[in-house]
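In what follows, a single structure is set out as structure tokens and then discussed.
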Amino acid sequence: MTGDPVVSDRDPIPAPADPIPTPSSPPPDIVRCASLELVVTDLAAARRFYVDVLGLVVTDEDETTVWLRTFDEFIHHNLVLRTGPVPAAAAFSYRVRTPEDLDRAVAFYTELGCRVERRSDGFTKGVGDTVRVEDPLGFPLEFFHDVEHVERLAWRYDLQPNGCLVRLDHFNQVTPDVPRAVAHMEDLGFRVTEDIQDDAGTTYAAWMRRKPTVHDTAMTGGDGPRLHHIAFATHEKHQITAICDRLGALRRSDAIERGPGRHGVSNAFYLYLRDPDGHRVEIYTQDYWTGDPDNPVVTWDVHDNQRRDWWGNPVVPSWYTEASRVLDLDGRPQPVVARTDTSEMAVTIGADGFSYTRKGDEERGFKLGHTL
Amino acid sequence: MTGDPVVSDRDPIPAPADPIPTPSSPPPDIVRCASLELVVTDLAAARRFYVDVLGLVVTDEDETTVWLRTFDEFIHHNLVLRTGPVPAAAAFSYRVRTPEDLDRAVAFYTELGCRVERRSDGFTKGVGDTVRVEDPLGFPLEFFHDVEHVERLAWRYDLQPNGCLVRLDHFNQVTPDVPRAVAHMEDLGFRVTEDIQDDAGTTYAAWMRRKPTVHDTAMTGGDGPRLHHIAFATHEKHQITAICDRLGALRRSDAIERGPGRHGVSNAFYLYLRDPDGHRVEIYTQDYWTGDPDNPVVTWDVHDNQRRDWWGNPVVPSWYTEASRVLDLDGRPQPVVARTDTSEMAVTIGADGFSYTRKGDEERGFKLGHTL
Amino acid sequence: MTGDPVVSDRDPIPAPADPIPTPSSPPPDIVRCASLELVVTDLAAARRFYVDVLGLVVTDEDETTVWLRTFDEFIHHNLVLRTGPVPAAAAFSYRVRTPEDLDRAVAFYTELGCRVERRSDGFTKGVGDTVRVEDPLGFPLEFFHDVEHVERLAWRYDLQPNGCLVRLDHFNQVTPDVPRAVAHMEDLGFRVTEDIQDDAGTTYAAWMRRKPTVHDTAMTGGDGPRLHHIAFATHEKHQITAICDRLGALRRSDAIERGPGRHGVSNAFYLYLRDPDGHRVEIYTQDYWTGDPDNPVVTWDVHDNQRRDWWGNPVVPSWYTEASRVLDLDGRPQPVVARTDTSEMAVTIGADGFSYTRKGDEERGFKLGHTL
Amino acid sequence: MTGDPVVSDRDPIPAPADPIPTPSSPPPDIVRCASLELVVTDLAAARRFYVDVLGLVVTDEDETTVWLRTFDEFIHHNLVLRTGPVPAAAAFSYRVRTPEDLDRAVAFYTELGCRVERRSDGFTKGVGDTVRVEDPLGFPLEFFHDVEHVERLAWRYDLQPNGCLVRLDHFNQVTPDVPRAVAHMEDLGFRVTEDIQDDAGTTYAAWMRRKPTVHDTAMTGGDGPRLHHIAFATHEKHQITAICDRLGALRRSDAIERGPGRHGVSNAFYLYLRDPDGHRVEIYTQDYWTGDPDNPVVTWDVHDNQRRDWWGNPVVPSWYTEASRVLDLDGRPQPVVARTDTSEMAVTIGADGFSYTRKGDEERGFKLGHTL
């Protein structure tokens, strides 16, 4: 009756009604999510947020672009801020294991009929031969192997701020049809680690990994393609609350959208911020090892009020509804397709939704219902 | 324009319109808040909450009563749970410096016309000569000096749970007229450390101390006399989130009412829980030294959205409206008098209220307004 | 002049003078270090140490054996305690990616002329088809894929002790000729992440990984084959000091051999304990991602006093000289071969050795020299 | 048999053989230790250490002097660095409750025949009417009430470094005859909270408080009068290890003399540093409330190896033997008188000394004995 999540031996997500074909070409061997390119409308404001407030390291910068990295990183950047007219995500970038994996990426997406561009000297500083595609879900993905090495600042405690960000942890993408997106990402070599469903099998979100953490990216059900958030990792929880404390001292606490809290899914400690353009940034720490080939998959009931916050604290509506546009390879915003499945917000909050703390104990209501 | 609080050399709270007389008898010399006696309707459930979940130490127990203490404590108890028909607070207990201070307490309250009872062998186990009074605000106060010493378990790391509670930190009382209550508590020897006002001088809450922390008790404006909460201290912040994590694991996350978060007032890290009877318990850590005779008083603007939570996270309505009844010396609930001043909730939340993150920047709204 | 370590693109360790042949058979695909089988002389005492003090989870136990796991683990065990006449390590166990990798392990070691045993129902509870070998360095290695799944207790905060151990992190092996051992482990598919050398190229220790952390095992120069230690991970540093605090409360502080401290190598926070049989256990947290194919290798100068402890605190001699015997497949202790290269202790401590805090600043001596 | 410390109702320290007379004049009412004036030989180097490394706040500075404070402080300074020819402590400064307490200080020390100086405009910036004395133990003490208020930076998380120092916690003084010093400090109004003795009643050290923590100052047996150390408090333990990490990154780890560790005495987490002139600085956090009039006194056995470090880690000899000179009111170093009682180092370390982890279990030796 506790409502604790169900553990499965394999991906428990229903087959998609309208699947993307599986290419016969093998996918590239993706090592990890490596960086995100964000278009921002006010570069100075964005730089203040990511550098002065969050403390990311400036690897390089010019008049239109700032290349940033985390303190444990040895490749050129984990985040590119680029000036543009509309806030958007321009590239979700993955590192691949070998130079030849770029050929595999070209073949894989070409077979899918996707638009593919390759530049031997990269699309941005610090990165060599690169493939960019518009994937079948509408997202701009980037694949690269060659990259400039820079100093890993892990030992540079003299430079590290309170609340030091040490790694890029993951992306989170909004897409209308989660099972369809998951099946495609599995074709690309990703593995599901956790998901949220209801009893009818409607899938609200799924987490997928290449590196052995809970995710390199997640698919969140909603109108898409959109970027839900990018997440950076700290070592300890107090480093996340230190960022909140600093935002308060700077009278920027309204940048805190949700949290801090403990996730049910992933078991990580989290915080969600909104940057000056509204791009969402998660600060995240302490999920678990998922690298075994038979890593158990954890399925949460959408009505379990501890799935998104283990402490049962409410998810704010903006977290469900707002997200960043993504660009096509010409830099134009991709059209957004509406989700047709029921939304997680609708089934869990408000007059038509419900959640429980203990399954079978619904009459007790849940915290948000008690208080608002 | 930041809206940061104003610092004063002395108590900035307006004089009460209807003051309680100042006795000519000197007040007792209060050392600190020392314990609270709570009436609970289900002793087994209350014991599970305070002992199994929160990890307080059982000094003694019998069929109707459990005496509990924190790990750094050397006196018999900091919390008494006693079975009764209605959840209520039966005694706010203060330790006084000398046995003679009990005589002073008798004289002080007798002069005020309060009901006073003295028992040389105490009202509860572990405590000797004791004075109990119904104070002019309607609260049942207890004063004692003689007390049984027990082992201070500060070094007993083998017994300490994750999220170890080390001290009773303070009480928080609900009273309709805050300036009137504060002036009376100053007569009793308390000093104001922080308060919340609006530009018109309406006072919404005040924090007052005997020991050199931010408070031994606070007066919160509302229908009263009622107990708002009792607060226990941990050493570190992760010990507070550990309690949240454990509540989640026990599927008791609905016991979390508000937080965790950082207070503006007091600068402490906090969490509010509700026990099985609805009594509110705060877990609290890391306020600041207030023991200097000229300790600056900090006054917060009621519209400053960082006053109650430095990160701007919303205060849930139940936190403003719900509180525990208090008993008279015969064990009957004291009648509750309605607050006539405007309420903090009304002026800060919802259609008629407003708050700001940055003063002069109201058009930006604030977080709660954006999201609910 | 700081003496900071040197970063290389590839393994900087000199080629061994007397290499072990590289098999033509491909090595098994090792996922991670998975468990260690330890022979203990007093099972009850060992159980108290690992379960009551360190808080490992008992998956199963019988009269001669206890199977233990960490809180994030989903396979049957990470540590096997087995009664025997002489304290020793009986198996360093690695999980492989597929059942077929066991065939590869058999071929790989058979080609090397090693003793190989395979049991389809495993050598211990919870594990299926297993290969055990005496490797060319004299260590008893185990490889398995099939394993019983058990509950991952990552969310069971109600069960987790203060100082919760969440993962098996690594082994550390003592071997006389580090370059020879490293070259062989690279044949087995390991990659070097860090090492300690002197200017002449004498290699004192090397760290090697399969999973993308700093190591699954390290080779420490000394008389071997012996087990230097097994390491478990916590999430946060305070969980390591909590273990120290508990040992003090239990009057078992003499179980603390070295630390807590911050490693230079790996950048992790550490503590070394000795169990009742003298087996060394490290508690370890927060190294860095090493999973990129071109992860930079970090080489430390043996005379850098911050290499083993970033704070320059002394390494106690027992840490250099004492280690556990390892068993052959018949359960007899392997003979120990003396190291012929200079020892790290000799070149860094005492009359003949030296270390520096800042290179080129040797006249300042170093901390240990000042104080003992 | 554990050897745990003994708890007493009152000061258990033997009466001194050669007591300082108790004045008939009442002592001043001391609120707390408030600041220390240190003479340094290289002001720029000292400023780098206290400001750039430790992160203290510069309230004011000129060519010869820097006035520093902690982040929770609202008075002008907690530490004065002043250029001079010989490293020394020039004033141990206490805040008193009222201006009239300065008259009491004058009378108290005049009756004792001590040299007394009073300056209505203070001896240093930021402080008004001040009394300085050479106390009967040879220490230069300062008493003041009037002081300039400055901003309390407790909420200024935007300015706080990693490892933020929030309060001056205590002094520690070296004196040859501990019982004599303690009896005199009790005349001055201090209360003993803990001490170290042997079975014969030889007293090696005692901790004494005015504010309700374990101490405002301690008396450590040794050649004196000398300053053993000054201690600043952090909120959490990780802030202390952050200072160690930063010292490592700056290649200044040789500034770490002892620790970090957990004290037995006081139960606090600690670290000892040496500044560029060799002045010792402790970073300290999380002792316990001592403000009750009958606070139990804790007496530790000098042979208990957990008394100085709860984890049994060795106390380095320099910590016992080295200390800073103190100045008379003319700025000349006070002559140092040798201790005639046995020294703690001699009775606990080395060939003639012994310590135990468990009383009655001496044959097991202790950690240092095992390893050096």
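By written order: A, B, C and D. Residues from 1 in each chain.
By definition in this document, contacts are C-beta pairs under 8 Å (C-beta built on N, C-alpha and C of every residue); 3 or more make two chains touch, one makes a residue touch a chain.
Values in this document were obtained by computation on a predicted structure and should not be read as measured data.
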For chain C and chain D, which third chains touch each of them? A, B
Outermost chain relative to chain B, judged by CA means, is C
Rounded to a whole Å, what is the gap between the Cα centroids of chain A and chain B? 41
Determine the centre-to-centre distance between chain B and chain C, using the mean Cα coordinates as centres, and give it in whole Å. 51
Chain centre separation in whole Å, for chain D relative to chain B (CA means): 34
Spell out, as numbers or ranges, the residues of chain A touching 2 or more other chains. 4, 155, 236-238, 245, 248, 264, 310
The answer for chain A against chain D in the complex is residues 155-162, 164, 236, 238, 242, 245-246, 248-250
Provide the residue numbers of chain C that touch chain D in the complex, in ascending order. 2-4, 237-238, 241, 244-245, 247-248, 251-254, 256-257, 260, 262, 264, 269, 305-306, 310-313, 316-319, 357-358, 364, 366-367, 370-372
Could you please specify the touching residues of chain B with respect to chain D in the complex? 4, 7, 9, 31-32, 72, 74-75, 95, 97-98, 149, 152, 154-155, 166-167, 211-212, 235-237, 264, 267, 286, 288-289, 291-296, 310
